[in-house]
Amino acid sequence: GVGGKTAVVYLPLTVVERLGYFKEEGLDVVIQDLQAGSRALQALVGGSVEVVMGYYDHTIQMQAQGRDIVAFVEVGRYPAIVLGVRSDLADQVRTIADLKGKRVGITAPGSSTHFFLNYLLVKAGLKPTDVSVIGVSVGAQAVAAVQNKQVDAISNVEPAITLLEERGLIKVLADTRTTKGTREVLGGEYPAAVLYTTRAWLEKNPDTAQKLANAMVRGLRWMQGKRPEEIAAILPEEYFLGDKDLYLKVLKNSLESFSPTGRFSDTAPLRPLTVLSAFDERVKRARIDLKRTYTNQFVDRVPIR
Amino acid sequence: MASFLEFRQVTVAFGDYVAVEGVSLALAPGAFVSLVGPTGCGKSTLLNVAAGLLAPSRGEVLLEGRPLKGLNPVAGYLFQQDAILPWKTALDNVALPLVFRGVPWGEARERARVWLEKVGLGRFLRHYPHQLSGGMRKRVGLAQVLIAGPKLLLMDEPFSALDIQTRQLMENELLRLWQEDRKTVLFVTHDLEEAIALSDRVVVMSAGPRSRPIGDFPIPLPRPRDVAEIRLTPEFLRLHREIWELLRGEVLRAHAGA
Amino acid sequence: MASFLEFRQVTVAFGDYVAVEGVSLALAPGAFVSLVGPTGCGKSTLLNVAAGLLAPSRGEVLLEGRPLKGLNPVAGYLFQQDAILPWKTALDNVALPLVFRGVPWGEARERARVWLEKVGLGRFLRHYPHQLSGGMRKRVGLAQVLIAGPKLLLMDEPFSALDIQTRQLMENELLRLWQEDRKTVLFVTHDLEEAIALSDRVVVMSAGPRSRPIGDFPIPLPRPRDVAEIRLTPEFLRLHREIWELLRGEVLRAHAGA
Amino acid sequence: MRGLRVRLWQAGLLLGFLLLWEWASRTGRIDPFFFSLPSAIAQRVWRWFATGEVYPHLYITTVEMLLAFALGTLLGVVFGLWLALAPAVAAVLDPYVKALNAIPRVVLAPIFTLWFGLGVLSKVALGVTLVFFVAFFNTYQGVKEVSPLVLQNARLLGAKPSHLLRHVYLPAAASWIFSSLRTSIGFAVIGAVVGEYLGSAAGLGYLIAQAEGVFDTTGVFAGMVVLMAFVLALDALVGTVERRLLVWRSKEREGGSA
Amino acid sequence: MRGLRVRLWQAGLLLGFLLLWEWASRTGRIDPFFFSLPSAIAQRVWRWFATGEVYPHLYITTVEMLLAFALGTLLGVVFGLWLALAPAVAAVLDPYVKALNAIPRVVLAPIFTLWFGLGVLSKVALGVTLVFFVAFFNTYQGVKEVSPLVLQNARLLGAKPSHLLRHVYLPAAASWIFSSLRTSIGFAVIGAVVGEYLGSAAGLGYLIAQAEGVFDTTGVFAGMVVLMAFVLALDALVGTVERRLLVWRSKEREGGSA
């Protein structure tokens, strides 16, 4: 299961699928597109899917609810969320602190883009309630919201961000697609897209998990140092039917955010926890054992080729 | 002899309006009783009560000595308005009561055809009700009610939409049937001649509201009768004059009251 | 004198079934013409054609010399079935034609009340149609049609649901009205006595299919008439016998054909 | 008496269902992650109202929903009437209406945002596109079902198109339209909530989406409970209006003490 | 002749609309990013069918939709009949049915996934919850609208409950049910597509979701065009069945050459 197959942060999944690595591992993978990370997670808990490509945040949130969810491959090392301000307001809003009293579009209330925004606001000395947030979803609806001046700033993900930039509609304030940007904003790596599943499943199907990890890591390695054109060449045509040039730019902007190794570093998972516990009541109250939310045991056993 | 159908102090009120009050009327088994009275006096209301479609506000109806609860199981009711099924052809409408009794469609249709021919509609078997004239629809309804052979026949102005000749044919047919198996018949009509020609008894209702029977005339004319011929007998004319006197006064009262 | 309404070689076919064929009939202005004939012969069909509700398959209808296209603007039509509006009280039903003509509701209701009293329903103003008896609904329809004062009156068995006395009252009322402003009336009935008592002319239709007029009898009885009394005159009886002979044969033919 | 029995049954059913739910959730027979617990939900609803935090959301959703309901119904009825009365237009537009009805509205969210912004309007638009078709198809069919007899009668009585609309089509189609209202209420709510769910800054849908985003099933269900209560209140309102407008119906036969 | 004129008009309208759209998109009056171009959409649809890549998706959606449609209608009709015929049950369940209708189904997607998995079943379930209510409310009302006269007549003729259902309630409610079918088709499609849109691996909704995810507006619209064509085909089917079943209706007066 995946929440929004076409989302750029989940691109490695498509890459692996197209390269046929799953097949080579002897896996018959059916990719169910659930459009939203939260629904993918629910499908996992409900048993409709076995493994989810989703956000690492969710494993922490689940532990707060007493669910044992484990991430076993890191796919994105930066969250790839961007906060931008509408270009015609760029003069007034130069820093995040200037957002006070403005309307900010997020993908959905309670989503990562929402937490990201809140985190930035607090860091800038504001309260989350100092702006009014509007759920604008992803994709075309988000674009429409900016274009129609329904929102003053936007916290969103690719490909909407590049498109907005291309159209000259926004100016970026905080960018976590790149190493540089993420370091500035969050202080370092921040596990985003991961493969996760329940601990029970992991314990029952270590072989399958290993094969998945093998395929994923192979794909991540393959992607390293490739130019956008090379990657685009293996993607299904539909992905850039909208506008190929645009898609290449999106890829170029995002490539840095993919993890080269699939391994979780020891410090990185702390950052999502900090962000989450600032705003999610239940995470704040719960005592989270980070060690239980991820494992490198499979990635470490991936043969080096 | 115990009566087949008996109204006991039946009162029917619609809200404040008391349509009929304290009606007591007993029909012997096999009796042919006509009900006449000014328009709006409550004849249809009484038939509805007898059919079990309307529970009286006070009083009760006895069927073969037992109080009638719910639908009258032995009654066939030819309504004043068209009540045949608009989505079935004439043939299927008439076959329906047999089908309800478990007769297979093929046989039911065969028997229905015979009945439709009896009422002069042999050429209109496949017509839907909206393709029939008013008089034709009435006759389909007649065949529909008669085919099931009910023991009690309630008829509300069955022949008023027919021309005189067709009417007499139907009346004679009805009498023939009645003579065969001696159904009990409660017959509503505005045509006093028809009432006398057909019945053993003619009951005259008073004008509404609070209508009740004000006259009960036995008709001692010999049977079998031919409805056309019997009208010319002196006995018939005497009865007619007698009942008419009573009825006329009543109708005038109705109009004075309105 | 040019005729007010004229059927010219009117043929109406329903699919293969030719109901009436080649009907030619001219009504002089102010004439009271009755149409009698066996049930199902096409009387209602002809009224529908005259009202402009049904276009003839062949032939045409002329209204004051001009071919009738679409709805007949001067006709009032009392249908064979109930056609009053079930969602309006008796009073509002009768007031409606006036409202259609721009009379304010208040005044229209005032005048409707008078009409309802004329037809003996003064006590049932606030009743909805389903709360009225069959005969009462018919009378509401009658008042509804008459209140608008149409120049052409088409009536399809208007009195068949009424008791004899009420019927005579209504008939006399109709004659009085007709005498006042000399409407043209085309009147369908199964009651030959009624036809003769009311009309200037009685037209007899043949049995269907392919029905057409087979007799046209002028009724030279003096006016004004009282429908009850005139029935006893020898002239009336002679006419009755004459027309009856013709009609009877026709009805028998109809049944033989069926 | 009867009303009380019904209420008791209803309460019993509800209670039984809730107890079963609570029990199943507590004993782990169903997963509280997906289904929460009735007690937790009740607590949440209570807190929402106690702290008052739900009111602004409720207000927004109410406004959206009422607007969608009113506008969608109005448009649907007007359009339904129009197409039903102009068969030529209907024949031309028919496939388009049907094709439009097949569009999954959710997909159109970006276009709605573009046209109507992210405020109340876009939700209303979404709701309207759902409600419209329900009202439209029922009104259309309702008008088509008008008794042709009543319609012809009204036209012959001189009704102009506006009169027909007011006195014939609308009353005749009323029960159809009311039936569609029942369905529509639900769809208006869905439109508003889904619209909020897809993008907004307030409203019950926003609350639900927020709860869902942090896997707070209790919040999701609490939102739905509030919604339901709200729809029931609205439905009761429609019911009252309906009973007012449709007094003329016979419902069951009123008389007697059955 | 008339049919041809209608077709021409339809084609003309469509063409005009498409041309206007194309023109506006090309000249930048509307943003092709949101609205695409008709020519591009046509091309895409063509390619889908030429390469055959759309067939598996179409197949899945068709299966889901037909199942949702059939099941939802069936359940709705059965439930509608049941509640209409058991007023006591209806009184008790009434608020629950209405409350359920107010649940935004989209929010329930996780639960559907839990119960029915991610395959065809969960989409069918979603579609059923939409279709059900449309069919239910209309069937319920349709049964309530059965002419009481026809119903009483059938009961007196000896119809058992199953007969009443088959010969009275269903035919009488048929036009209500068919009207609901028209609305339902659209909702069945919406259910299937939204279901796929929310989570699936194939189907038109999946196609549309994928296209939306990469800002491929052309793909989104192409998906909708295929959907619409499909619904029109299905609707034509329903129309044919309806005409078959409702031959008994009078529609317009058939005779004449009007």
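Points worth noting:
Letters A, B, C, D and E name the chains as they come in the text, with residue numbers starting at 1 for each one.
By our rule, contacts are C-beta pairs under 8 Å (C-beta built on N, C-alpha and C of every residue); 3 or more make two chains touch, one makes a residue touch a chain.
All of these numbers come straight from a predicted model, not from anything done at the bench.
Shared contacts of subunit A and subunit E, meaning chains that touch the two of them, come down to D.
Among the remaining chains, the Cα-based centre furthest from that of subunit B is the centre of A. Looking at contacts between chains, the pair that accounts for the most C-beta pairs is D-E. Taking each chain's centre as the mean of its C-alpha atoms, subunit A lies 83 Å from subunit B. In terms of their C-alpha centroids, the spacing between subunit B and subunit D amounts to 49 Å. Chain geometry summary: the mean Cα position of subunit A and that of subunit D are 38 Å apart.
Multi-chain contact residues, meaning those touching two or more other chains, occur in subunit E at positions 31, 34, 110, 114, 197, 212, 250, 253.
Among the residues of subunit B, those in touch with two or more other chains are 14, 53, 81-82. Across the assembly, subunit A contributes 42, 46, 139-140, 143-144, 147 as residues in contact with two or more other chains. Note for the complex: subunit A touches subunit D at residues 38, 41-42, 45-46, 61-62, 65, 67, 103, 108-111, 114, 132-137, 139-141, 143-145, 147-148, 150-151, 280, 282.
Chain contact summary for the complex, subunit D toward subunit C: residues 149-150, 152-160, 163, 167-168, 171-172, 174, 246-250. Within the complex formed with subunit A, the residues of subunit D that make contact are 31, 33-34, 109-111, 113-114, 117-119, 198-201, 206, 209-215. Taken together, the subunit B residues at the contact with subunit E in this complex read 51, 53, 71-72, 75-77, 79, 81-89, 96-97, 99-101, 128-130, 144-145, 148.
Listing the residues of subunit A that touch subunit E in their complex gives 1, 4-7, 30-35, 39-40, 42-43, 46-49, 138-140, 143-144, 147, 159, 163, 238-243, 246-247.
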